[in-house]
Structures are given as C-alpha cells and as structure tokens.
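Note that the chains take the letters A, B and C in the order they are written out, and that residue 1 is the start of every chain.
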Amino acid sequence: MLKVLRDLLVYNREFAIGFVLTVGIFLFALAHFWAPMPDSAIYLLPPDMPPSAQYWFGTTSRGQDVLWQMSSAIWNTMLFGLTVTVISRLLAVIVGMVSGYLGGRWDQFLMTINDTMIALPNIPILLLVYFVMRDSMSWPVLAATAALLGWNYDARLIRSVTLSLRNREFTRHAVFAGMSVPQILVRQHLPYVMPVIFFTAMNNLIWAIGIEVTLSVLGFSDVNRPTIGGMIYWANQHQAIIAGIWWWIAFPIIAVVLLFLGLFLLAISVNEYIDPRSRLSRMGA
Amino acid sequence: MTTLLELDHINKDYRIRGFLDRSTLHAVKDVSFSLEVEKPEIFTIVGESGSGKTTTARMILGNETPTSGHLRFMGEDVAAIRSRAERLKFMARVQPIFQNPFEAFNPLTTLDYFLFATAKRFLGLKDQANIEAATDRALNHVGLSLAEVRGRYSHELSGGQLQRIAVARALIPEPKLIVADEPVSMVDASLRMSIVNLFRDLRDTLGVSIIYITHDLSTAYYISDRVIIMHRGDVVEAGDAKTVLGHPQHAYSRALREAVLPPDPVAARRIIAQRMASAKAAEARQPG
Amino acid sequence: MLAVVETKPASVEAKPVLRVEGLKAYYQMNYFGVRREVRAVDDISLTIKRNEIYGIAGESSSGKSSLIKTIAGAITPPLRVVEGSVKFDFGGKELDVYAERPAMKAARWKHLSYVMQGSMNVLNPVRKVKHAFHDFAFKHMGLSEQDFRARVESHLQRIGLDPRVLEAYPHQLSGGMRQRLTIGLATVCEPEFIIADEPTTALDVLVQQDVLALIKEVQQRLGSSIIFVTHDMTVHAAIADRIGIVYAGRLVEEGPTIDVFERPQHPYTAHLIASLPRIGDTKKRIALPGKPPNLADPPSGCRFHPRCPLAIDKCTRENPPLVPRQTGRVACWRAGEVEAA
C-alpha cells in the first residue's frame, strides 16, 4: 500500500497535486478539533473584521472567526459527502452487479426500481423529506436520503460492465470450477468494476456536496451546524456581499473549489492506476 | 456396457426475431450418438463455423437445453437437472475445456484460485494441505506441478501451458467426460501437439472420454477414435475416424478433406495451381 | 556485434523492392515507475525481390506483426525504431520509410498496400462497398469519376466478383467475398508491394484455397512483391516463394520454401515442420518443451537454446549470426547437424 502511494506520488503529477491539496484541506479540517472556541458560539469576537494578522481570514458579522468556522464547515461537509458516497456506492455495486450477472427476472425487477428512481427529481424529494421530518431532521437522515437518490445511473453503468463480463470465457470457466455467485462477483468481476466505482464515487461526492450546499444555502438544513453551505446561508442573511464582507463568502468558496480540484485529480490518477488495462501492462501482460 | 453419454435425436432451434419477421434457425438437427463408460475414447465433432458443433457442446455441458430429443448422461436426462446440488454433481463428472486459454482464466486473479476453488467445491476438501495435494496431483497429470503455477497470472505463461492448466483444473473432480471446444485453435503450433498428445494420454491412462470439437481435420485424424462431420446442423458423415477422414464419402466431407493443405510445398503448390486454373476456366466460360 | 552477411544473388537482377537493414524496434514503456523494454524486432535484415512472395512465419508474440508494422512505417508509441533502416524501391526511386515521411505517405496504397486479417477492419459496416474504393484509391489513380468506376468494375471482374457488390453493404456479403474485396481494394492501384497479414486465418476452411489462389494470381499478373505473414506453415508451403522464420524477435532462418521444408537448417524450423500433423499419418508428433521466450527478458545467447534439443554451451553465451548456408541463411551454431538429428 505504501509502495503504491510512493509510486503514484513519484510518477504521477496529477496524483501528487491532488494528494497535496486533499491532504492539506483534510488537515485544515481536522484542526477544528483543537479550535480555541466552540464552532457554534456567536458574538465571541468583534464582528466584520477584515483579514489581518490576528484573524487570518477575518471575522463574520456574527462575531465568528472565518478560519475556525471554515475548518469545522469543511469537516462537516466532507463527512456528509463521504457518507452519501459510501452508502450510494454500496447500493450501486450490489444492484448493478446482481442485476447484470443474474439477468432475467432479477434484472427486470431491479432495473424497474432503478429507472423509476432515475425519473424522480432530487431537490423536491429532499425538500419533502425535510418538511415531513422537520424536527427530527439531522444530517445523517439527510445523507441517507441523498444516498438513496444518488445511485441509479451508476448502477446502470456497473450493470453494463458486469453484463459484458458475464459473457467472457473466464466466467463460464469459473462456473465449472464450482465457484458460487458471490465468489464470481467479488473475486472475478469486482476488479473490473473497481474503476467504475472509483470514478463515479468522485462524481457522486461532488454531487453530494453540491446538494448539501444547495439545501443549506436555502436554509433547509440544521443551520447552526457549520457547513460550507451554512456559512454562505448566514453570509447571505447578513447581506455580506452588499456590506463588503467579501471574506465571509470568498474563503469558503475557494476552499470548496480546492477540495473539488484535489479530489478530482486524485480520482483520475487513481483510476488510471487501478484500470485493468494499465494494471495488466504494469504486470507485464 | 453402461452408456456414459447418449444423444437421442437431439434438435436445437433458435428463434430469430428480425425487425418485421420471425424465423427459426435449426442449429442442430437430429443428432444421435453415444459413448460407453467401458470404452474411453476421443470422439471428434468436425465442422466449420455455423455447423452446430459448438451448440452441441453447450447442450452436452448443460448450458443449453435441446428443443427436442433426449440428452442423457449416465442414464439421467441432463435437461432435468434443476437444483444447484445436482448441477454440481453433474459438473464434477462433465468438465469443459475452452477455446482461448488466455480468456479462460481471469487475467487479474491468480491461476491457482481456479484450481483451489475446484478442489474445494467438488472434492469437498477443507484443509489447505489436502486441497494443494489434490491440485498438485492433477497438475502432475499434465506435466506441471503446483510449484510452477502457484501465485502466477495468466500472462506469465504461454498459451500451451495455460491450456494444460485448464485441463488439469478440469481433471481435479475426476470427471468421466471432458468436452473440449476448439482447444488448440488459439495455441501456437509448437505447443499444439503437447495438448493433443495430452488428450491421448488422458484417455489411455485415466480412462477419460473426450469430446473434441474442431475444424482442423489434421489434428482430428491424429487423435480421434470416432468422428462425426457436421454441416449446417446436420451430421453428414459419422464413423471410425481413420475411415471417415481418410476416405470421406459425403460430398461435403470430401470438400472439407480437399480443403486441407498438405504440409508439403510441392503438393500444396499443385493444389493452388489447380485452383488458379479452374478460376481462369470459370472466368473464360462467362466473359464479363 | 552481430555481423550480417548479405546474400548476393548470383545474377545481377533488378534492384530489390525492399531492403531492411539491422532493424531494431522496441516497445519502450513506463508505467508508474515500472520500466519495460520489449525487443519485438531485434536486428533483422532482409531483402525482398521483385515479383516474389516472401512468407514470414512465427508464433504469437514472436515479433512478426511488429516487424511488418515497422516495415509499413505504421508504428505508434510505445513501439519505436531504435536502429536500422527500411528502404523501398518504387519504380527506381529509393524511399527511406523513416527518413522521408511525406513521400512515404504519398506512396501508400499507390505503391504499398495492405490485406488484413479481418475484412471488417477495412470495410466500414454502414457504408456501401463503393465508398471504400473511393476513399482508398480514387485520389491515387488520377482518373475521372466514370473512368475510375470502370476501372474498379473491370478489376473486380478479374478477381471473380460481380461489380454489383459495389452497391452492397459489407454485411450482405459472405466472409470469402469480403476477403476477396479487401484483396481487390489492396490491388486496384496495382501496387508494387503488398503486405498481407494473416489474410486467410479468419476464413472458413473451404474458401481458404480459393483466396490463396486469388492472391497468387493477382501477384503474378501485377508482378508485385508480397510479404505474407501467417503462423500457419501449410499456408506458407502453398504460396510463399521464400520464407523467413522469426523466433523471439529475430530472423533465425530464411530460404526458398521448398528447401526450408525439405532441409530445415535451424532446429526450431525443423521442429515446426516435423510437428505438422497430416491426414493418413498417426505417428506421434513431439511437442517442443518449455515455453516461448518473454521478449522483455529474453534468454542469453541464442534465444532458442532453452528449448533446443541440440543446445551446447556456446549457445547459452553467444548469439549465432544469420549467415548464408546452402540456398538460404540460418542463425544456428549447429546448423550442420540439424538434418542429422
């Protein structure tokens, strides 16, 4: 694992840049555990201070330090995004592979559900869930709902990969070697599906963060829990742009752009590394 | 005599659904033959693409069900196999060899995984030492050993070696019948004979019957005991391999026999010269 | 260093159409720090005369397809020419494939054409056959549309195809007809040199001889030279005037087909020919031991030595040069003893 990391860092520029960006932002987010003040406290500091030696990224109109707010916000936003991604990837892989490999009735049944879900509009559904849940709404519930909406296209993609693998000779051979369906799927097909999972994970993460930002900006989330979207929501509430408090909006947006960029570079370079064709070339085939 | 495999008037039709019409393709028409347990043999099905030879192989392996007729293995109808336990029992006795040895093994997993999985499932072995011993025994039959194969990937070995490993894997459950569909067409010439010779050895030493499916008459003549020649789903000629392939009677088998180029430049050149002359004659008969 | 001695033809005849000298073409790859160099073409020299069919025989990954790709100047990275030259002689004008790219481009299809294995690679499945002729040949012929059409039709007739196939889509034709068409396509400009890469391998057995007869007929009529690549020794026996045997990226033997079949000089060739099964003979054929060499890490000395029944100590250390012997050339330290073995 360490050797893989070293190879990637040394031989792939995209990976190196992506790695530095992502790790940097992660460390920055991690730092909020050692923040000098609680992230929910307001009017603790003088409001509307521009960036200075004392307050690097300035302070908000609510008397919070933008630096420490951002640190917590990135952490919470990433946590949300990753939760959505992990749950939705699991769903996509299971549905896609089972549907593609078993075919027949299973395929029809699963793909009917899948296509129905594709037709559903995301934001209205999420808003509906928010209004129904209202008081008991928390970020894990929101993440679970988003995950349920975010796997359909990728399940179709994975299904098509599995469908082509099913017709390869080694799959027939595996059947005659007495391998069970889970064995064939996990041991024989998963390595070919991995790149799809990785790449769609990236898209999904960006989509999930986008959903979180959208909902928070609109105020449809727990606004007291700092997130990137939540920061923009409060900045809007205090008309930060008109008041000239640009640092309240600019720094969170820069942070989120850097995070996207880092993750994107990581995804494309890791994808190249685990792609079966590149893997086989490295193995000497 | 116990019958090992019996094909009793087997037919296989495929519905072809076109844009506006439907038609039926008769892939296999009224094929019958049987193999005996006491007399292991190499039974060859010769045919070109579209002759129905591969469909026949798939039916014998239970991957396709005949449209009509009965296909019995050790007296049991193969089409009646439903449960996974029965299917596994059947697979332990009838094993396939595939055409492309590079495709038969997943390039991203080690070869031994296929071997160990077979030993675990069909021999019911739990202990790793026993599994390895069984695998090694099977590999010894094909002139290899586990030490040469362990941890290797398919690209590290030649087509001939891979095909031998595929045969060894098929031998692990100690099958009665091996169905080999074009097993040497993707193997290099210098290694081809090692596979073909191996089939002979398996028949003679282990008493395994082999259904050898090929379009190549030369290797068919070299190893077969009996042969059937298929053309568009029909069996056009059947019988003793040396007789049928040496002196074919049916017009199609004769054409196949004549299409084989001899490995001898003088004779081969004569054949091509004749073809050129007859093409010229045909051209002269119908001027443009 | 390997000294390659050229065989001079006894009589002074027309200049050879192709001269390959000391050609080395390697695949050079670098994947995340894993460097690999595959010596697919390793120091090959050969000449092809006018009006001859030169067969190249070799097994999968012996480098034979890399060799013809390099000869055609159709290589893309990671395959690179490391050393040596490929020179054609078209109508008395010398053309260095790797020095004169634009001239080479102009010569394609007019002087140098290809017949490939899968006819579908050449024929676009969604366009009529006539478009293929137009795309490939029209600009080289310098004819008006009507004259071009007339030429193509008469050409098709000569190779035994009804000119109406021009209005057909490829999938409406049989495999044999498609392969005839690709031969027609390759020869319509009457090129001096044709590269044929396994043109009969994917065909049904029954049409193979007809396609070979057609290739030979067209070649004799046009007086072109053909480099004919296949792993099938019986096809070489039927059609090649001379054959070159490639093993692990090197030319190990070359000579007139009949001599090579009757008196192979290299143990590998001898084995290839002896292992061919023939109807009417069930004598046990021995398979070569060992496996084909890995071109990324080839054996030292003679690359065939690990599988060779005649290998001696010298074979493991020194690479035998390709030297003239009897009617051909052979690269083996024990060439004289092959026949006896």
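Basically, contacts are C-beta pairs under 8 Å (C-beta built on N, C-alpha and C of every residue); 3 or more make two chains touch, one makes a residue touch a chain.
No experiment lies behind these values; they were computed from the predicted model shown.
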- Task: Report the pair of chains linked by the most C-beta pairs in contact.
- Result: B-C
- Outermost chain relative to chain B, judged by CA means, is A
- Message: From the mean C-alpha coordinate of chain A to that of chain B, what's the distance rounded to whole Å?
- Response: 50
- Query: How many Å are there between the centre of chain A and the centre of chain C, using C-alpha atoms for each centre?
  - Reply: 53
- Message: Using mean CA coordinates as chain centres, what's the gap between chain B and chain C in Å?
- Response: 31
- Contacts with 2+ other chains: residues of chain A: 284
- What part of chain C is in contact with chain A in the complex they form? 29-34, 36, 294, 296
- Message: For a test of understanding, state which residues of chain B touch chain A in their complex under the given definition.
- Response: 61, 63, 88, 91, 95-96, 98-100, 103-109, 113-115, 117-118, 120-122, 153-156, 166, 169-170
- Message: Looking at the complex, which residues from chain A come into contact with chain B?
- Response: 168-170, 172-174, 176-179, 183, 187-188, 191-192, 276, 279-280, 283-285
- chain C partner, complex, touching residues on chain B are 48-49, 157-161, 188-194, 196-197, 215, 217-219, 221-222, 242, 245-246, 255-257, 259-266, 268-269, 271-272, 275-276, 279-280, 282-283, 288
- Item | In the complex, chain A residues that touch chain C | 7-8, 10-12, 273, 278, 281-282, 284
